[in-house]
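The letters A, B and C name the chains in turn, as written, and every chain counts its residues from 1.
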Amino acid sequence: MSMGAKKGRRLGSTRLVLLIPYLWLALFFLAPFLIVLKISLSQTAIAQPPYVPALDWVAGWAGLRDFVAALSTDNYALLGSDWLYLVSYLKSLQVAAVSTAILLMIGYPIAYGIARLPRRLQPILVMLVILPFWTSFLIRVYAWINILQRDGLLNDVLMRLRVVDQPVAWLSSDAAIYIGMVYSYLPFMVLPLYATLEKVDETLLEAAADLGCPRWKTFWLVTLPLSLPGLAAGALLCFIPITGEFVIPDLLGGSDSMMIGQTLWMEFFANKDWPVASAIAVALLGLLLVPMLFYERLQQRSLEGGR
Amino acid sequence: MGRKTSAFNVVSVALGLAFLYLPIVILVIYSFNGSRLVTVWGGWSLTWYRALLSDRAMIDAAWASLRIAALSASAATVLGTCAAIALTRMGRFRGRLLFSGMVYAPLVMPEVITGLSVLLLFVALDVDRGFWTISIAHTTLTLCFVTVIVQSRLISFDRSLEEAAMDLGCPPLKTFLTITLPLIAPAIAAGWMLAFSLSLDDLVIASFTTGPGATTLPIRIYSEVRLGVKPEINAVCTIMIAIVALGTVASSLLAKRGAMRRERAALSAQM
Amino acid sequence: MADAATQGQTAGDTPLLRFEGIGKRFGPVVAVEAFTLDIGQGEFFALLGPSGCGKTTLLRMLAGFETPSEGRILLDGDDIVAVPPHRRPVNMMFQSYALFPHLSVAGNIAFGLRQEKAGKAEIAERVTEMLALVRMPDFGRRRVDQLSGGQRQRVALARALIKRPRVLLLDEPMAALDKKLRAETQFELMELQRKLGTTFVIVTHDQDEAMIVADRIAVMEHGRLAQVAAPSEIYERPNSRWVADFIGEVTLIEGMLADGAIETGLGRFRAAIPSGGKKRDTAWLALRPEKLRIDAQRPTGGELNAVAGTVFEIGYRGDMSIYKVRLADRSLMKVALANTSARGQASFGIDDLVWLSWPPEAGWVLTR
């Protein structure tokens, strides 16, 4: 199909178009992972950089052999044995799963509602859903601190309404984490859902009604199955980054149990234990590999299959 | 042709939008609060904006963020557009699977992983960390978003336009520059804007790759916020929101004017 | 296939264009196979076939957008297969028109000349000339999205003609127009081609369009050339059942060749036997509906072939009525009857007993 491939003159410039981003990504995206993998097998040391062994390129083959011999899986053994890490993995998965479920329950009606509203309103509504995404993530999380803090707005309103008579500690709780997650990731759930729901042909629903299917049943039998690709994309687009989220639990959550992103951050910045931080990153990546591959397939199919 | 819109549809959209906007509105209002306390309304005041003007560190951070965002967005736009062209136009080349994997993965990769790994690369290469390392990391992160936007435009692009140009004697490279590029320019511009705002927004990757003397705005805000609510931060956030809102309104107005012109043109064609 | 290719050739000397054993495969799919054809200077030539028959692939190979898997394409005797599209002296009018949306009408038309680095004055003059040619003199500064479908089509035509190509390629040029406009445009296109004397190669799936506009038609079936000839020849003397059935309406009756006749289950019908046809070979008698007579009584006349049946169905089409008559072997034969009477009432009713008849020269015997 490609015209360029056959014609020698174009080969040069076409190659470059591929080669430049390819090399960039290989150097700044792929290579770093290999380094992380390597460091996760190293030992902490008081040195610069703070780990051993360092690969000695000058020593050649012997250097490489010494290097491989000095690698150890101690860091992974530590991750498996210390409750701190296990708990934060489980906590991350729990938060991601519950948040995604809540996002689905809130996001679906919104996406469905937008798709059912008059056509000329839809672009404006979509714009309104995207708009917060353009403002800083940090700002949006921070906005909730105003509301959730002890002498914040929520407690103020609740106490005036006499729902509670003592200020509730919203901040530094799991509830605050869920609120922050749902708030921050809502556009990621609504947009892919809307994109598939908007394509559902109105006449399909009319055909179902014409064949005697009540409205609620039409939803289950026609609309929902047709929106499954968007549902899967939205769920993955939320679940994967939430699992590794750092900012939201750090600012809104409590200090009693940490999510894995926080643990990694702490090991790296506070404890300066780079090998353990790397091991955590590798383990987290392993955890997310299956959903990420699944998401990539969805993405590729929607971008490349739509020809 | 009437689409059946139920009250449930309207209510869920309205509640959803309220949920999305209420916290932002509250934040904006409190940036004008004369009182330091959130629950106490001290009357409208510009106190916190004035305080901001004398906050040298905050202004420096904002300036650093803007420079990094402009540089990395521009680099990401070039690289991301190249990647999109490669993915849509080059068919099955060797290493395509790896390439598309590398392009799409950063879209969902947790930022702590990306940040940590790219930092370790810089350490291994023994590069001084600061402005340039953050810019490179942000370019890598945002180029994928540019690719996705440009790629979806290229897929819907009518190839016969390029064929027509070549048929009329235009060589392939010139065809790309005079026909394809002008027509996908809006998508490229949208990609640049998204990359810019993502870079401006990023805390985690910047925290990993930053060095002495390169504090970005999110890093600055984060270090203040950790210590609790400060009204000055409300003011900073309001300014950032205002910039985004103005940018969005301006670009949508431009788009609307184009659409109106087209519509009028279509009407006159029928007469 | 060589004899089929040169059949009905109008231009005598070296052909302008020659396809020589062209084949094209997309992976396992064969799009064009063993295709050989000559097209003469100044011809209006049509490539006709159902969708997926390879006609568009052939046109795209001519323009240079596809490379043949095998064979040569000769233009004025030179092989152009290796020449990239932007260096070929052929221009194409695209099915979607492919007008550049970011350029004005004049900008679109001038595009080809600009690539040749022609002078400003020359470009302006030629653009004005082309705009006059397609009868849109005042449209030069319009934007493309300000044009109606018919106007776009003319701009696309002007754009493709401005470089005075050796061959103009037209890919389903009228597919996007409504029926009335299409009919007008067909005649305009013929007039234009006569005026310019340029060779036109048109791809279409519309047999009426091909018959109206073209000097010669190549009918394609599954990537192969089925028949190439003038429109009347293809209609009156198709070379296979497939072509007979693809072009217009036809009734086919299976039988065996005999002396000056064909022996069928419905009787023995006099007809001209194709040269080389052997006795007792399986053959088919092809009958066009408008060539049959329909009567209440058996018509007299020594030479006439006749067969009896009952009227099964009547389709009223305004200018004519199509009768489907059920014959003794329960097969149906189509007859077209011009509605000449003012009232338009049918001459026969359902279940009426009728006789169908035709002179021997009205039938055409096919052996494949």
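Following the convention adopted for this analysis, a contact is a pair of C-beta atoms (placed from the backbone, for glycine too) under 8 Å apart; a residue touches a chain by one contact, two chains touch by 3 or more.
Bear in mind that the values here come from a model prediction, so they are computed numbers and not experimental data.
Peer 1: Counting only C-alpha atoms to place each centre, which chain is farthest from subunit B?
Peer 2: It is C.
Peer 1: Which chain has the mean of its C-alpha atoms lying nearest to the mean of all protein C-alpha atoms shown?
Peer 2: Located nearest the centre of all protein C-alpha atoms is chain B.
Peer 1: For subunit A versus subunit C, what separation do you get between their C-alpha means, in angstrom?
Peer 2: 58
Peer 1: List the centre-to-centre spacing of subunit A and subunit B in whole Å, with centres computed as mean CA coordinates.
Peer 2: Computed value for the inter-centroid distance: 17 Å.
Peer 1: Taking the mean of the CA coordinates per chain, how far is subunit B from subunit C in Å?
Peer 2: Distance between chain centres, rounded to whole Å: 54 Å.
Peer 1: Indicate the residues of subunit C shared as contacts by at least two other chains.
Peer 2: Answer for subunit C, listing residues that touch two or more other chains: 65, 84-85.
Peer 1: For subunit A, what residues touch not just one other chain but two or more?
Peer 2: As it turns out, subunit A has residues touching two or more other chains at 3, 7.
Peer 1: I need the residues of subunit B touching at least two other chains; which ones are they?
Peer 2: 172
Peer 1: Quick check: in the complex, which residue numbers of subunit A touch subunit B?
Peer 2: Answer in residue numbers: 1-5, 7, 9-10, 13-14, 16-18, 20-22, 24-33, 35-36, 39, 49, 106-107, 109-110, 112-114, 116-119, 125, 127-129, 131-132, 134-140, 142-147, 149, 151-153, 156, 183, 186-187, 190, 202, 236-237, 240-241, 243-247, 250-251, 261, 264-265, 268-269, 274, 277-278, 281, 284-285, 288, 292, 295-296, 299-300, 303-304, 306-307.
Peer 1: Quick check: in the complex, which residue numbers of subunit B touch subunit C?
Peer 2: Going by the criterion above, the answer is residues 158, 160-161, 163-172, 174-175, 179, 182-183, 262, 265-266, 268-270.
Peer 1: Which residues of subunit B touch subunit A once you look at their complex with the stated criterion?
Peer 2: 3-6, 8-13, 16-17, 19-21, 23-24, 26-27, 30, 37-39, 79-80, 82-83, 85-87, 89-91, 93, 95, 98-114, 116-118, 120-121, 123-124, 136-137, 139-140, 143, 147-148, 151-152, 155, 172-173, 197, 200-201, 203-204, 207-208, 218, 221-222, 225-226, 228-229, 233-234, 237, 240-241, 244-245, 247-248, 252
Peer 1: Provide the residue numbers of subunit C that touch subunit B in the complex, in ascending order.
Peer 2: Per the stated touch rule, the residues are 63-65, 84-88, 90-92, 94-96, 98-102, 111-112, 115-116, 143, 145-148, 151, 159-160, 163.
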